[in-house]
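The next block holds one structure in the form of structure tokens; read it before the comments.
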């Protein structure tokens, strides 16, 4: 899994990055990848993946987020997509723990002091698994009714450093998953 | 995923429970399942799954462990096996956190204060994913050279309660993984 | 497999219900499902799934049908889709036999006295198997050239009862298929 | 799917024919196949596939049966194995209906007048789906406690003719399943 | 794999033939197939499959080509698509060798004397593998900057004969791949 | 795909290297791999993979061969195994062409002047694809009735150089197959 951390510019997330090969099309990176970038979040209805959100007419937006776009080509299965997503969320919580921040993870949501820090979706395209994770930098521009929190309110000011630390941690986690899958004999 | 917590007897783990349908053969439970039980651990060489261990002639044993045997039939893929395993380990760390215990997870290993609390393996049979997790109740009967720690040394005396709490937490985690995999539209 | 029998309203079938997650989007039911409803049938060309029909410019319509929309997420494979479809058609014939009606099944078509009682299609989306079955309530509004027959002409007047009986029978059949798939060891 | 009807000799079924490539090894037939033969049935414990039977120490035997061994290589999935098996049983019931015999199918079991006519198992090897079906020619040598019936008691004396008629019917059914799986466009 | 060689008319290739079921829709051929035809090549941007080409704004065109459209339904996997494509290219080189022409194959490209003879793409639809191969009849209408060569410049004047010889050779190669996949037992 | 060329010792091939994880167990190489080594060939009957050979009681042996053991974990499918095998054989022929040797490939067999240069088998384990290729160094110790030829008779004396050149060529070929599978968008 190749890691790309985009630091020289902001990229807004409108949901289109969830499509297959977005990373290859935009950055020329072939195969499994994680792109970390920073920008607004405002997901267009036609790009919404979570049908639960669609059914409830939820808005998905935030003025400033760290975004993670993961694509895994090993095989496009929704259960693997969902399991990897939860694992990545748990890993992010572990990294936040290293910052001294106590989190509560509920599936693919991270809460701090009862306030929502993150959004995430995991699905498949016909050729790959795609996962988006967004973490509020500041709790601004959030849909009404959502009690949110952001990294800055948690004392994390070096967003670039956070992007690097978490990006590396997620890639290491995936590599460990992959490596371990190769070193075991099958059971009868 | 059906949960069975065996409280009325001890069951020793010799590695044979990693075979497919062990839970159905022994407890009549069909389909995805988690069995939690307590007993010794002494894995026979012919049941060892981790080829890295085999190559290094490692022993896998402990005098008293809480064991988790998970079987998932959705599809037998080693990457999914490995991802679910890591997610379950992360969940166990989160539960240990609820007990006030600070853990470090390295892939599928849990450490407390630099000492190893757990063992685990994840693989596939031709029809299912199989995962074993073992958590030391006491750090006794551990192979030489391994700095180990057990639940009792961490202040957890109610092992039955721990088995229930963790068993339920792992099943809930899996159910969330499964549920979320069903509510997302595919991406193009 | 969850069963929903829509009795309080008519729903016309224009082919769009063959898309993935139609049941979740419209009824909030997650996972494997069977929805039984009653309404007209007039499949739009752009929703036609059977390329043989498209090649022959066939019309698919009927003024009054009992419809079954099945979605199975276990894995999206056209051979499984097609096998399940034939099995469901055979089951419907068995239920019709319980009504004292002698049927002839040719693949996915049911005939009574040489007249066509049903239509059906089975395919996959990128995340699921989708099957539609339609059974004429009355042989009205059928494309020219098709000798059709309906439930009422066969003496079945309690259409609601028929929807329940068949809905339950199909779900039971699927559950048996699933259950049996879990209780067998693999062969070498 | 190639059909072989063995008429020139008896072949007893001890369960070993459920292994992959049995048909190729013994008859040189490559790929999807159905072999129909006649002989005793006495399944050795080590060849038993149904763990439910194993758990209950059931015997599987009969003095004279028509046997069907099906192998499908398209992909080795237990749900497809189980669905195809039920479809084949339903087809056999339809053929028995053509003989004027009224059957009741319960999943993969055929009953006539409350007495059991058949046995069956469906599973996978690592490369194929394997299905065995056995139909009593006479209800002799059946395990105690099983109320059985055979073809001869149902008035079917021409066992060779029955083997041909049913063999062809099952192969036609599979070919229809396969053909239909190829003529449908995918749904979004 | 069924072979169709279209000799009575020209068919231009604009990229749309890469869609699933193109062969069934246009020629009524069900299942695995190879269609060989002759015509211009001018791939519309919206039909371009190779994202590398899209990223570089490459044009894909030629005034006169022999085209091969292959569809394989066994299972839609990009690695199998890519492996079969390379094998077919290698086979074409072997046939060209029979004509006395020395080729260099680089992956899916064929060169003669450093000049490009062919284009090709392999991908999946949600239900099948699709491969397109085009071989220049004459090196005319080629995008600027591409040093191309055609069959006529290599002394092959009987294009119809070439279409037949290569069409048969590719189908034979696939049949051998398939046959061999069925005659091997699995390894532990 | 990692390449290991064993030059410091001879390794005889008795067929056991076809088992999964042979390379990891013996050389510690995780994941897709190609091991090239030199030694006798004498395949034990219980390790024979080709059922056609077993049916004909064929012997598989040679006094001196270059062996290639390939393992691919992407997914264990016999059609992909067989396609990759043929592609590797074609690539070996292309390399032999670079040596000025004219070969005829028939599926997975290489002939020079009507004499057999190679043996090969491709299959799956429950977790991987396994391919063995053997090329005679000298045509000695070959089963009676087989007209064989070896590299030395073809003028290739630098066997170590041949092992390197072919090993690198096969790995490059696989990498190209893999890379191309990742750069194409899916077709509708």
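Every chain is named by a letter (A, B, C, D, E and F) in the order it is written, and numbering of its residues begins at 1.
To be clear about the criterion, a residue touches a chain if its C-beta (ideal position, glycine included) is under 8 Å from a C-beta of that chain, and two chains touch if they have at least 3 such contacts.
The model shown is predicted, which means the values in this text are computed figures rather than measured ones.
*Asks:* What are the mutual neighbours of chain A and chain E in this structure?
*Replies:* C, F
*Asks:* Roughly how far is chain E from chain F, centre to centre by C-alpha average, rounded to an integer in Å?
*Replies:* 27
*Asks:* Return the distance between the CA-based centres of chain A and chain C, expressed in whole Å.
*Replies:* Taking the mean C-alpha position of each chain, the two centres sit 39 Å apart.
*Asks:* When the centre of a chain is set as the mean of its C-alpha atoms, what distance in Å lies between chain C and chain F?
*Replies:* Each chain's C-alpha centroid was found; their separation is 50 Å.
*Asks:* Name the residues of chain A that each touch 2 or more other chains.
*Replies:* 20-21, 24, 51, 73-75, 78, 124-127, 182-183, 185-186
*Asks:* Have a look at which chains touch which and call the overall pattern line, ring, star, complete or other.
*Replies:* other
*Asks:* State which pairs of chains touch, listing all of them.
*Replies:* Touching chain pairs, listed by label, are A-B, A-C, A-E, A-F, B-C, B-D, B-F, C-D, C-E, D-E, D-F, E-F.
*Asks:* Quick check: in the complex, which residue numbers of chain E touch chain D?
*Replies:* Chain E residues touching chain D: 20-21, 24, 30-31, 73-75, 125-127, 179, 181-183, 185-186.
*Asks:* Under the touch definition given earlier, write down the residues of chain E that touch chain A in their complex.
*Replies:* 51, 54-55, 76, 78, 124-126
*Asks:* What does chain D use to touch chain F in their complex?
*Replies:* Touching chain F: residues 21, 24-25, 28, 73, 126-127 of chain D.
*Asks:* Sort out for me which residues of chain E touch chain F in the complex.
*Replies:* Those residues of chain E that touch chain F are 18-20, 49-52, 74-75, 77-87, 90-91, 93-94, 105, 107-108, 121-126, 130, 173, 176-178, 180-188.
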